[in-house]
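Below, chain A partners chain B and then partners chain C, in two separate complexes.
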Partner chain A sequence: MTYVITAPCVADYSCVEVCPVDCISPEPDDSDFQDAEQMYINPEICIDCAACVDACPVLAIYEDVDLPKRWQHYARINRNYFTNKNRTGGVE
Partner chain B sequence: MKGKTLRIAVVGSGPAGMYAIEHLLKEPLNIEIDLYERLPTPWGLVRYGVAPDHPEKKLIIDRAFNYYLAHPKVRFIGNLEIGKDIDHTQLSEWYSAVIYAVGATEDKSINIPGESLPGSWAAREFVAWYNGHPDFSHLEFDLSCERAVVVGNGNVALDVARILTMSPEQLAKTDISQNALEALKRSKIREVVILGRSNLVKAAFHNPELEELACLDGVDIVLDKEQLPKKNNLNSALDWKTKRKILTLNHLAKDNLKEKNRKIIFRFMSSPIELIGSNKLERLVVAKNQIDFDEEGRSIVRPTEESYQLETGILFRAIGYRGIPLPGLPFNKSKGVIENIKGRVSDQGELFPGTYVTGWIKNGPRGIIGTNKLCARDTVRCLLQDAKDGKLSSNTASHDEVLTEVKKRKATIVEYANWLNVERTEIAAGSKIGRPRLKLTKLDDLLEAAGV
Partner chain C sequence: MALKNTDYSVKYRRAESSVLTEQPKVVFGACPHDCPDGCSMLYKVKEGRLLKVNGNPDQPFTRGRLCVKLKDFAQHHYNPDRVLYPLRRSGPKGSGEFVRISWDEALDEIKQRWQKLIEDFGAETILPYGYAGNMGLLNGMNSGDAFFNKLGTTISEKTFCGSSAVTSQLMTIGPALGTDPESFLQSKFILIWGGNTVSTNSHLWPFIASAQKDGAKVVVIDPYRSRTAKLADWHIAPKPGTDGALALALINLIVENDWLDQDYVDQYTQGFDDLKAVAAAFSADKAENITGIKAEEINRLAYEYANTQPSVIRVGIGLERHPNGGQAIRAIDCLPALIGAWRHAGGGLLQMPVFVPVRGEFLSRPDWIKEDTRVVNLSNLADTLTNDELNPAINALFIWNANPVSKLPNANKAVEGLLREDLFTVVSEQFITDTALYADLILPATMAAEHNDIVTSWGHFYITMNQKAIDPPGETVSNFELFQRLAERFGFDDPRFTKTDKEILAEALDWDAPLLQGRSFKMLEENGFIRINVPEKSISRPHAEGNFPTPSGKCEFRSSLDTSSGFVAPVLRQMLAGRQTGRPIDSVPNYILDDQCQDKNECSDKTLPLHLISPKSHAFLNSQYANEAHKLRKQEQQFVLISPADADARQISEGDSVRIFNQLGEVGANARVTTDVSNGTVVATFGYWPGRNLLNGSVNALTKSQIPGFAGTPYYNDTLVEIEKLPKEAIRIRDKKQ
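So, the complex of A and B:
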């Protein structure tokens, strides 16, 4: 189980500020934040605390099992962001 | 920091201004903030830019921005334009610091013959119109032709294409202006061609916006798949976001098109070079582009000799916004921003004490709503450092003095309570006809509802 950030995300990064395990990227001072399309949750690190859900000003965060149908694929997208980042050492 | 009250003016109540206030309120400061807004309504591009079919993004108003607007340390002064009703010199005398968050209110032009023909619009005008902006609600878009063309392929281009092809039933569920809804119901537009000057790899639209096109009822996405890299041969040098776009477009582009469906057609490597028409736009000439490399190996897009014509009666230029000068402040014409060093307004290295910028007027139009939060954090950090270093004037006008002076200059200012009257009026009118909100789109109507 993990939480997943979906399409409405506006990169407000309030989620990053409350996450107790720093599992949300990009962080505001990361080089790829300026061109970020959205934020992503690392499912390998997320501890399901749900702090980000309430912090999100646009309610873009869902538990993976509760994802609305049209945003089902965002579980994969959040995961892929990190697999790709780890492989290339940065998402640019 | 204790002691004398820090009195701050924020100019502009879009995301840039609201995030500046968020960061100021986070500090344990003795502070008073006056928020100036040119329009009677707050929220800038969240109200007048975000597409009406993106209600989720507008939740940021209720879940964040409204908290700052209603905060006891914040006073809203709407329907008052800085640089016109009150100038910068006056403002800087009244406050310890002024933060300009006025955004980018003009658009880039494409500089081709025929650009000013009737029927050739800035996408910005169309967006402001369908969102009920009082300065644009009087515009009349002729939607009687079958093909519309959008130049540029960022998120605004996709917004325009979506609104033009979406069914009136879908649109009616949104807070789109009533005027625009009626005009779009009568629209004869069957297809929207999106012209991108470079290839898909350079396309500026974002993945969530692209993927959303799959949710349009009765709309086919058309693309010459030759324009896409082969699915099983994705260049590993391509970044992840681009690969995601390629896979999405492959999935979206239909082979068997339905005659009855409206169409959104992507054409990459294409630039308009001339708009033609006797007294209004009738067709445009499109050049096919190619990618060359300069001496340093950087890619440059150039038109080839090959071109073709497209018949159309309406075209939207969506190639970017730009800021406009504010009287009394130094302006960088080429970048379209107020001159600044990390948010401190500066003319050739000489700082304007207590004067700051944030958002698009500081960095140019880039990023999304939240990008402005980081930008505001950095500007506010500079301001707080200057306060700490004693660089801000404490010889300010009082809270009440400012309001008295402001009212002498403009009788019809809109304060927070007045804005709430507008808010209630719009929501009540919307609920009567099953819509989330019925926006008031004329200045007089807004002021009447506000009760000023």
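So, the complex of A and C:
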């Protein structure tokens, strides 16, 4: 149970600023921050508060159970970002 | 470290710029629900329609966020299933057949039926059944008190939740607020005992997560690996109901190893020798036998808790729902004083910060209660409605703010009572719930944006204003107006029943009390919330030098409260303070081995080998929102967590439909086979509407309904069951609407 960031994301950081539990990455200290094409939500930490949805300027964030069909696979993309990050100790 | 400065103003600028025509009107809201977080909200209204409900970014604790339940609160108001007009039953009880009638007809029928019953049996034949479906001072649990106290009906004791926690706290540290949740930022050791913060107290979690990033250790004690336990540094999983033995073992280890703050104990506590004597019987080895937690782990917990300051305990309400639960909380409440945790900002204990100066006597008018009026505990509605020997029998039931068929212990027997032809049942509701199905009359009730109220919190130090934002739809009325209409029908002309909602609200709090010094109703209206008059969070050390509001002024390991007939807080019994009717409560915390089961025959009954606990559902608020399609998608069908070994032994695989049952009933669920639970324990969250269950059942219906001992809390987490695979042909969902 989580929110998911999808294709329209422009990585403008609005969601990161409002997330109360810092579950959206990459953050400025992360090595991949500068080149990030989109932001990702860590499903293990998200508390379902929806603050990021209202902050997103391009309506890119959906609740997992309400993902549009064409972006269903973004739940996996978001999750994988963190799985890979944990495995490599940071996304290079 | 402070919480990061989340700039919520960004989203408001964006929302406003998108409205090119008329700007929406914004008024203050207060979340009306039975949740410790009590959010301050903003209702955005345009042309009489509620557009959006947001969190109020100015409130320092809730910080502009809502939660999974409330994120689409505006739409909830426009749910097409809402009851908008009074309804009268037109088919057999429970058939769901109703016809629309007018308010006049409904009120006339209530008056005529009740008057006849009062003539025949006396007013005690009427039982009010209201609870926490709304938490407002005007529309909440006590909204019917003044009317029913005046009418002289049976007094209802409402101890479903939090009653043991409140009594335990009153006996130990008195009516204190405890540790400011915002000061958790300074804590170095945070112990969450019997609570799932992420799901049920989610606005506290960012404070805990921030402290954790800053090096605090977060420990969760819970029989299963909850969402919160998964985020903790350390999860300790005792067998259900054994928390008291664990707490006494911690006390014993702290005493034995001299990890005490002896100076604090000497100056600010009472009954140390008594507590020490009880705890001495609980060695770590003995506690291991009882709790299933390794003695070594218990030792480590005691050491780290006692020697890492500031340490704070957040006591949840999960552990109270067991015969040993009340005394377990008493033992836990003693811990911070033993180690002097109260000396530190960010140290101590947060349990039930409910003791704000509400004028209960003014709102509930207990002075109208006639001497010897009967008190009935609502937890046992099942037996109350079906007991032939009750004199007078309950012949009329008035239910509001509650859905007992979904949540009551032994609900199947309660339904037998609700089916009695001679029982006249009135239900005030927003929806036709499983309970309203059995009503003779249904009265349409408002939602939060449709009325005025003030909401106090049981999780933070703010009081919140709720302003009417839109007109009530159809002929819905607030609970406040409902009881005013009833009072008028019965000819009650006391000003308590004739003043307007705003007039009563202005008087509902004791503005002269120290905790409200410098605050006013006007400030509350203008600001949307006010912080109680306590020191700023960063320096808040309420009991650094004792100052406990107990009879002795000390933390009372041995309580001074008269608990010879039990003790339920007056606010839970229409503000009646005297005539307690419970079992005696020992003045020193204890743990009774025999209370592992309520019934010894049942303990040895090998046909019910699994211990069921039923926490709150992540996406529901008790039973509210369990009829919303979005929340059901989020929460998914009723499920049960079962360990791989227990599942294997029953040939149950992941996703199988199963039947959970005991002598009181059955409930259907989908099996989730997981190591998140230990062997012998199963977890099924409550709140689902029975009509939509695979077997028309509810989890709580499997709980026994006998009147519990400690402060009346039902033993929801002391339920023994068996589970078996459910063949497809046995599935029978009554209400297929999902």
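Here is the rule we go by: the second predicted complex is superposed on the first by the 91 of 92 C-alpha atoms of A that agree within 3 Å, B and C clash if a C-alpha of one lies under 4 Å from a C-alpha of the other, contacts with A are read in each partner's own complex, and residues count from 1 in each chain.
Everything below uses one rule, namely that a contact is a pair of C-beta atoms (placed from the backbone, for glycine too) under 8 Å apart; a residue touches a chain by one contact, two chains touch by 3 or more.
These figures come from a predicted structure and were not determined experimentally.
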Fit or clash - chain C, chain B, common chain A
fit
For A:18 in the superposed arrangement: first (chain B), second (chain C), both or neither?
second
Tell me which partner A:40 touches in the superposition: chain B (first), chain C (second), both or neither.
neither
Considering only touches as defined above, state whether A:28 meets chain B (first), chain C (second), both or neither.
first
Which partner does A:62 reach: the first (chain B), the second (chain C), both, or neither?
neither
In the overlay of the two complexes, what angle sits at the CA centre of chain A between those of chain B and chain C, given in steps of 10 degrees?
150
Which superposed partner A:10 touches (first chain B, second chain C, both, neither):
first
Which chain, chain B or chain C, ends up touching more residues of chain A in the combined arrangement?
B
Quick check on the superposed pair: does A:82 touch chain B, chain C, both, or neither? Answer first, second, both or neither.
neither
With the two complexes superposed on chain A, say which partner A:48 touches: chain B (first), chain C (second), both, or neither.
second
In the superposition described above, what is the shortest C-alpha distance between chain B and chain C in Å? Please give a whole number.
5
Taking the two structures together, which residues of chain A meet both chain B and chain C?
14, 57
Partner chain B, residues of chain A touching it in the complex:
7-14, 28-29, 33-38, 56-60, 70, 73, 77, 80-81, 84, 88, 91-92
What does chain A use to touch chain C in their complex?
1, 14, 17-22, 44-45, 47-51, 53-55, 57, 63, 65-66
Please output the residues of chain B touching chain A within their complex, sorted ascending.
54, 56-57, 59-60, 63-64, 206-208, 211-212, 215, 239-241, 244, 366-371, 373-374, 377
Tell me, which parts of chain C touch chain A in their complex?
3-4, 6-8, 10-11, 14-15, 54-55, 63-68, 71, 198, 202, 205-206, 209, 213, 230-231, 618-619, 630, 633-634
